[in-house]
Amino acid sequence: QDEALIFERESRNGTGVDLPAPDAGAEDLAGLVRAAPLSLPGLSEPETVRHYVRLSQKNHAIDLALYPLGSCTMKHNPRLNEKLARLPGFADLHPLAPVSAVQGALGLMDRLSHWLKTLTGMPAVALSPKAGAHGELCGLLAIRAAHAAAGQVQRRLVLTPTSAHGTNPATAAFVGYEVVEIGQTADGRVDLADLAAKLSDEVAAIMVTNPNTCGLFERDILEISRLTHAAGAYFYCDGANFNAIVGRVRPGDLGVDAMHINLHKTFSTPHGGGGPGSGPVVLSAALAPFAPTPWVVHGPEGFRLLEEAGDEAVQAFGRMTAFHGQMGMYVRAYAYMLSHGADGLRQAAEDAVLNANYIKARLSGVMSAAFPDGPCMHEALFDDRWLEGTGITTLDFAKAMIDEGFHPMTMYFPLVVHGAMLIEPTESESRAELDRFCDALLALAGAALSGDVERFTAAPRLAPLRRLDETLAARKPRLTWRAPEPGVAPAPLAAE
Amino acid sequence: QDEALIFERESRNGTGVDLPAPDAGAEDLAGLVRAAPLSLPGLSEPETVRHYVRLSQKNHAIDLALYPLGSCTMKHNPRLNEKLARLPGFADLHPLAPVSAVQGALGLMDRLSHWLKTLTGMPAVALSPKAGAHGELCGLLAIRAAHAAAGQVQRRLVLTPTSAHGTNPATAAFVGYEVVEIGQTADGRVDLADLAAKLSDEVAAIMVTNPNTCGLFERDILEISRLTHAAGAYFYCDGANFNAIVGRVRPGDLGVDAMHINLHKTFSTPHGGGGPGSGPVVLSAALAPFAPTPWVVHGPEGFRLLEEAGDEAVQAFGRMTAFHGQMGMYVRAYAYMLSHGADGLRQAAEDAVLNANYIKARLSGVMSAAFPDGPCMHEALFDDRWLEGTGITTLDFAKAMIDEGFHPMTMYFPLVVHGAMLIEPTESESRAELDRFCDALLALAGAALSGDVERFTAAPRLAPLRRLDETLAARKPRLTWRAPEPGVAPAPLAAE
Amino acid sequence: MRYLPLDEADRRHMLGVIGAPDVDALFADVPAPARLSAPVDLPRHAGEIEVERELAGLAALNRPAGAGPFFCGAGAYRHHVPATVDHIIQRSEFLTSYTPYQPEIAQGTLQVLFEFQTQVAALTGMEVANASLYDGSTACAEAVMMSRRVTRRRKAVLSGGLHPHYAAVTHTIATAEGMEIARRPAAVDAEADVLAAIDSDTACVVVQTPNVFGTVTDVTAIAAAAHAAGALLVVVTTEAVALGLLKSPGEMGADIAVAEGQSLGVGLNFGGPYVGLFACREKFVRQMPGRLCGETVDAEGRRGFVLTLSTREQHIRREKATSNICTNSGLCALAFSIHMTLLGGTGLRRLAEVNHGRARTLAGALAGVPGLEVLTPRFFNEVAVRVPGSAAALVEDLAGEGILAGVPFSRLDPSAGQDDVLLLAATETTSAADIDALVAALSRRIR
Amino acid sequence: MRYLPLDEADRRHMLGVIGAPDVDALFADVPAPARLSAPVDLPRHAGEIEVERELAGLAALNRPAGAGPFFCGAGAYRHHVPATVDHIIQRSEFLTSYTPYQPEIAQGTLQVLFEFQTQVAALTGMEVANASLYDGSTACAEAVMMSRRVTRRRKAVLSGGLHPHYAAVTHTIATAEGMEIARRPAAVDAEADVLAAIDSDTACVVVQTPNVFGTVTDVTAIAAAAHAAGALLVVVTTEAVALGLLKSPGEMGADIAVAEGQSLGVGLNFGGPYVGLFACREKFVRQMPGRLCGETVDAEGRRGFVLTLSTREQHIRREKATSNICTNSGLCALAFSIHMTLLGGTGLRRLAEVNHGRARTLAGALAGVPGLEVLTPRFFNEVAVRVPGSAAALVEDLAGEGILAGVPFSRLDPSAGQDDVLLLAATETTSAADIDALVAALSRRIR
């Protein structure tokens, strides 16, 4: 079942592409051509197809079974959206084609913006960020620009809770802010008193995820935004969990100044093994003038694009990316929105929350919920107190789920909960599948509590590979394949 | 890993299709509407996708590994052809749209016909047959019509070799002919003397496969056709194995009067789990006037369709199918032909033959080739003499191949060879894959000869299921799922 | 070349192992006069760009149904196929697998066929169904020949409402086998006309509902008459969506039900590939044509599926087989089954109601065009209208305006003397704007 | 609704298990003033037919590249992508999987990334590569910020040949972090101009070849100068196909090579998603941004792959991470890798030669148009020409004739004072007829 690397094939000089002869005439690149031939294997089309089809079967996927990775929102990806994104009018469109030739594309961006603004209750949106973290960057750059325009250059701090996604502090640091942590209450929310104590005229912004990474709605959100604004700071909301509230709560009504929206999560563009994502950022009226270029604007003869600061968009803080962002994802997300409609998006959020609470209710008898009181939102958080004394860790338990045909939940995140297990089912799961999942977990939990340690520490047994040595990989990084030297046997990596 | 039937789900009334409300107005079908509601489950789109993706992973496929089913020609299916067949200009075209609206489709049929005629050296082709066996029917009906037109109504016999595909005698009987078998020589070819003895003015046609089902070229083919024509009979050639000779031999040069071409074999339209096929029939000048409707004809204003006898095509023997045959397959086959070109098709035939001979050479040391002398064509035929005394049958050996990751070869066909194992690699396999296959078979053969009987009789062990009870299925046919009666436990089938 | 993995070094090496001097030696059995020394006179191999240009160029010469107002039916219907269907049928494991001869590694295909058979049986109201045939027309011919095997009689009575192509295909094959075909005259309301033709030599009566003129008929009385004479009733349906709303063949007493399944999952494809549905009473199962998938158990007692009753088939029975068919329309059956699974019984009913509603709107609009006469008394989603003059000429005229206005009956049966009859269908893909455009154009053309 | 498996009965049952009276109770933590009591003011849910009509309608308002003669480049190139690529990336197991956090059930994605990294390293002539970034422009910005981490210096010198969007993105991000950006004036042959700007505070020099005007330059001397000053050389390539023919960044002494990979496997997509290639010397590996896939072994000693060196990343290091990036462009990297696997080194070289040849033909034809001046001295597949008057106006005029004649430089950099410069690219998809049509139209327009 092992699939050799493409570089390890005997026959490396086939071709999977038939090309014509180059046009006649002398090559005009004397001295500029690469010296050594490019030693990369070329496979015929049948060999290529087989290589990738075989490899694909080594992956888990949402199309195969529940994929309950908390905070990752693995929901169903409709194939209609794939089909529409491939219409030549979208897929075969050049980003710098004349504006008259791309009116439909600009129109789509305009409509998508309208949906995002309406759903969030915010007046503006910057579409171009290419992923959630890129959206965070965009939001903080807008905040920075707004403070600069107001002469508030002393604001050098960003406050963020301990439970935040790692990208929040990373992004703040990336644009030169100093990060200060806010404490958390026993019920898993921002500690208001700590927040109030740390707010000052040196604070540029707070970054709060809502619903937060414990899967809980920040009950005091209105007070959080009031305090923040009173201190002259902006409220950046991490919108990774917007899928839990879309259609029921508008972040604009909560006092949010900027929030990125992971189109691949809330609006179901495929995750594709780790990207591409798309992270448009909605902005409050205070921040809107600082949005990065390009902007789609209405003109007398249709849509226009403002691509450079220096046009009307004088205050734009700059540009996030070449061109206009993830058009392929815009098409998919817009098709998803139209399919659900206002009613369906709201229903999807409700079903996602219902599914998470159902899992929480079914598992809480055996596993220890991190925050047992009150409902959770779209994900159910457990800790590892219930495994105490079993000799089994969260990691072991998660790996054992693989042998039951499920992808493990998110582990050890958020950091504020010991041995965290964060389960997000999404609205895509049927009751039968949820029951199958809960039954499997309860059976596993029973085995764990009855001392069947081996089943966990030796897991997974039914995957293509057993547990992988991540330490070895990091200690002796082998990041590319290198041809074995002639006459020397290739040295396999070995754990020491 | 078991996947429940769609009928066994608890929740059966979901929907995977959103439809608008019907137009207003009274339904006009009083008394004509079905009484009982249609009790078929509807699944949401996520559930549907998962059901079929999970099921698909229980299948072997040419995209996963060698699929050496002799006489089935499992070669690579290019994805370009799938893409082109889905162009709206082909896929979204109504068969009875006005001729002015389908000139490109008729043009494609015309060009495909030109390629098929040129490659076979035959003057005419009937495109519409929907599969190989349907093509045989078409050919025999043309022969029957030609004899009738010539007043040769006494010709009621069809001669066919013992090694023929089962469809040959079945088709002959289906149209009212009596089948007479022709003997075979020790070297696996038609026994000329027996043929000569059986030819008479009662013989309507002979049906000979060439290359034949033993994977051998009929050396005496010119004499066969001469004798046949001398007796006033027609030569129907089963073209299932045309892939072995395309570009190197034209059946027209062999004296063939009619031959079906399995587009899904020679020209690589996907087999799709057992269809759809496509079986155009090339015809000699003698038979051409009797070809079934429709015909594509050139007119002053483009292409026209003759759809009914009674137009110019007065001698057409009738119609094989509604509409014009397998357009979707024509597009794929034509794209395949253009991709290969005259040079590539010839090369493909050569590589197919080379691959088969390579397997024959590599395995003959251990396994017994049915016809060891001389080259084979596109498939290598072994018998089970080499398994004598091992207690292992051809079936056991084939099932053990599954545990090695390969699809078994064709077994027990042709009938003229005891315990036949017919291996057709096709040109799509690389040398590395052929070696992997031969190595695996030689290792298995070694195990068989060294007495490891259990490994074979208990095979397969690594498939989704162990060996299935085919006798039970036939004795108590359960062809549809039936809802268990309330209160009664569903009775599983059990071997007795 | 991109599809050929061997290179010259491979070929040389392999010839060495074989012990042949060159590849020509492997073709030594070909008689010298028949050996082609050079490639035939056709173009050389081409890259994807060139092939795509050629095929896209041909496709561009056609006017697809989606390009404008469209009303063609007559045995092939344009329906919306959910994107999920095409995605799944393109999976390698379905697309590039073969007939499930090795059930242990083909349970995907086999379970799909078992589910398909169950769906088809339920739709037609019959007890058993096969794993599909080529299309509706050949399924009709097979039903007639099966009725001969069952009854050992020689005559088939075909209704004048049967699609003329179906009649032609049946005639072509059945008469070759020695049957007599009694085809009744084409008429909008033709069904009852078969009654007079039934006699003691009749193997079967073939009726279609909705018939080729769109007329829906309850054929229960015809079933009774056929059965009284010892004949079978074959009920044909060319629009599978109708089965979601109308009385099923089984409810009306059919012995064999055949249908064209193209409406669900498959698409128009200029006429093929399509998928023939074939269902019958359980007692006739051993006389059925085509593949059957059945339930069984594996060596450990687990449920599994296999192709079964293959003793009917040609690879075992040879000239004694029930039919010469040795494939089904597997991938189309998969598409049909996926679409049906998405719809469910409730969804199919709704789809049928939407179709019927849209056709009522169409018929109402046509009835308002002076000079047109709607002929079909009770319809599902298709109606026949009488136009002044030639329907074929009218259709070509409207095609020039970008409207595909339906199928002239003369296209199906030129000798029926119904040159002024036009068949128009409406489905869920027909918009109100399409109907408006059609009516406006017809009103301009017909004075 | 088709995407939601729960029905009302399910919901009632589940609320019962939870012990909640209704779904509102689950949202009790939302402050009352922020609760929406009704759906927002947007349309209700719609079926596939309606959604497809809306999106297809928007698509029809665009003029795709394939609709006629097309010469746009400037950082996004139209190439033919083999059909196999799109087929494979749509497989459920690739399309609907997530970041391979559980390597035991993600070896498919991981092995692809390892192969991708190896391909990118070979293409750029560097020792290591990451698993991709968002696109070329953000990769360029990341390279500049990495050079700060490596050198602990604050200044980046950007060549005037660098794509203006890349310069803008880099400026936006790097200045926020406190770097100084010295961008040199835009010029067709701008590269040597960076030399004077290098000083002891310089973290890196960023040059592009082929540059935004299409000019190909050997930057070996610039590498030497940068290294002499203790700075890094970052080489940018916006047209990955060029790497098949031209001297690689590694051969010329680059420390970091970044490229836009869109040309292979990905397509135009109106600008995204694309795939950023990022490669560097091995000694800098722990300062790299983005995901890395590495080889390791499993518990039984079998080779396997994992994401590695994640101590650089934000989910471990939080504010100390090398970058805030926590995704890659995985599916695009897969597409790139498949296309590269089909081509192989030989095929990519051939593809590059075909591109260069087609561009020579284009440049020759343009040089023959009176009034046009070809500016680019040495080019790969794109040239800059000077036109009389406004290039932007000329492009809009020709678009009216159905010819997409390239990108006016003013579109990229309005303030550069190069309004009369037009960039035109040719690839293997450009036909001789396309070039003829362009030249004819230009000759008519330019008098």
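Order as written gives the chain letters A, B, C and D; numbering starts at 1 within each chain.
By our rule, a residue touches a chain if its C-beta (ideal position, glycine included) is under 8 Å from a C-beta of that chain, and two chains touch if they have at least 3 such contacts.
Here's who's who by UniProt: C, D = Probable glycine dehydrogenase (decarboxylating) subunit 1.
As the structure is a computational prediction, the values presented were derived from the model and not from experiment.
Participant: Going by the touch criterion stated earlier, list every chain that contacts chain A and also contacts chain C.
Facilitator: The common neighbours are B, D.
Participant: Is the number of contacting C-beta pairs greater for A-D or for B-D?
Facilitator: More C-beta contacts join the chains of A-D.
Participant: Just how far, in Å, is the C-alpha centre of chain D from the one of chain A?
Facilitator: Averaging C-alpha atoms per chain gives centres 19 Å apart.
Participant: If you average the CA atoms of chain A and of chain B, how far apart do the two points sit, in angstrom?
Facilitator: So the centre of chain A lies 47 Å away from the centre of chain B.
Participant: Any idea how many Å lie between the Cα centroids of chain B and chain D?
Facilitator: 46
Participant: Multi-chain contacts in chain C: which residues touch at least two other chains?
Facilitator: As it turns out, chain C has residues touching two or more other chains at 1-5, 10, 45-48, 50, 52, 82-84, 86-87, 90-92, 342, 428.
Participant: Can you tell me which residues of chain B touch two or more of the remaining chains?
Facilitator: 11, 13-20, 43-47, 49, 53, 57, 61, 63-64, 76, 78-80, 82-83, 339, 428-431, 433
Participant: Once bound in the complex, which stretches of chain A touch chain C?
Facilitator: Per the stated touch rule, the residues are 11, 13-20, 43-47, 49, 53, 78-80, 82-83.
Participant: Chain C touches which residues of chain D in the complex?
Facilitator: Residue list for chain D touching chain C: 2, 48-49, 52, 80, 82-83, 87, 90-92, 342, 428-429.
Participant: If we count contacts the way the header does, which residues on chain B are in touch with chain A in the complex?
Facilitator: For this pair, the touching residues of chain B are 1, 9-11, 14, 18, 44-47, 49-50, 53-54, 57, 61, 63-65, 76, 78-79, 339, 405, 428-433.
Participant: Per the contact definition, I'd like the list of chain C residues that touch chain A in the complex.
Facilitator: Residues of chain C touching chain A: 1-5, 7, 9-10, 45-48, 50, 82-84, 86-87, 92.
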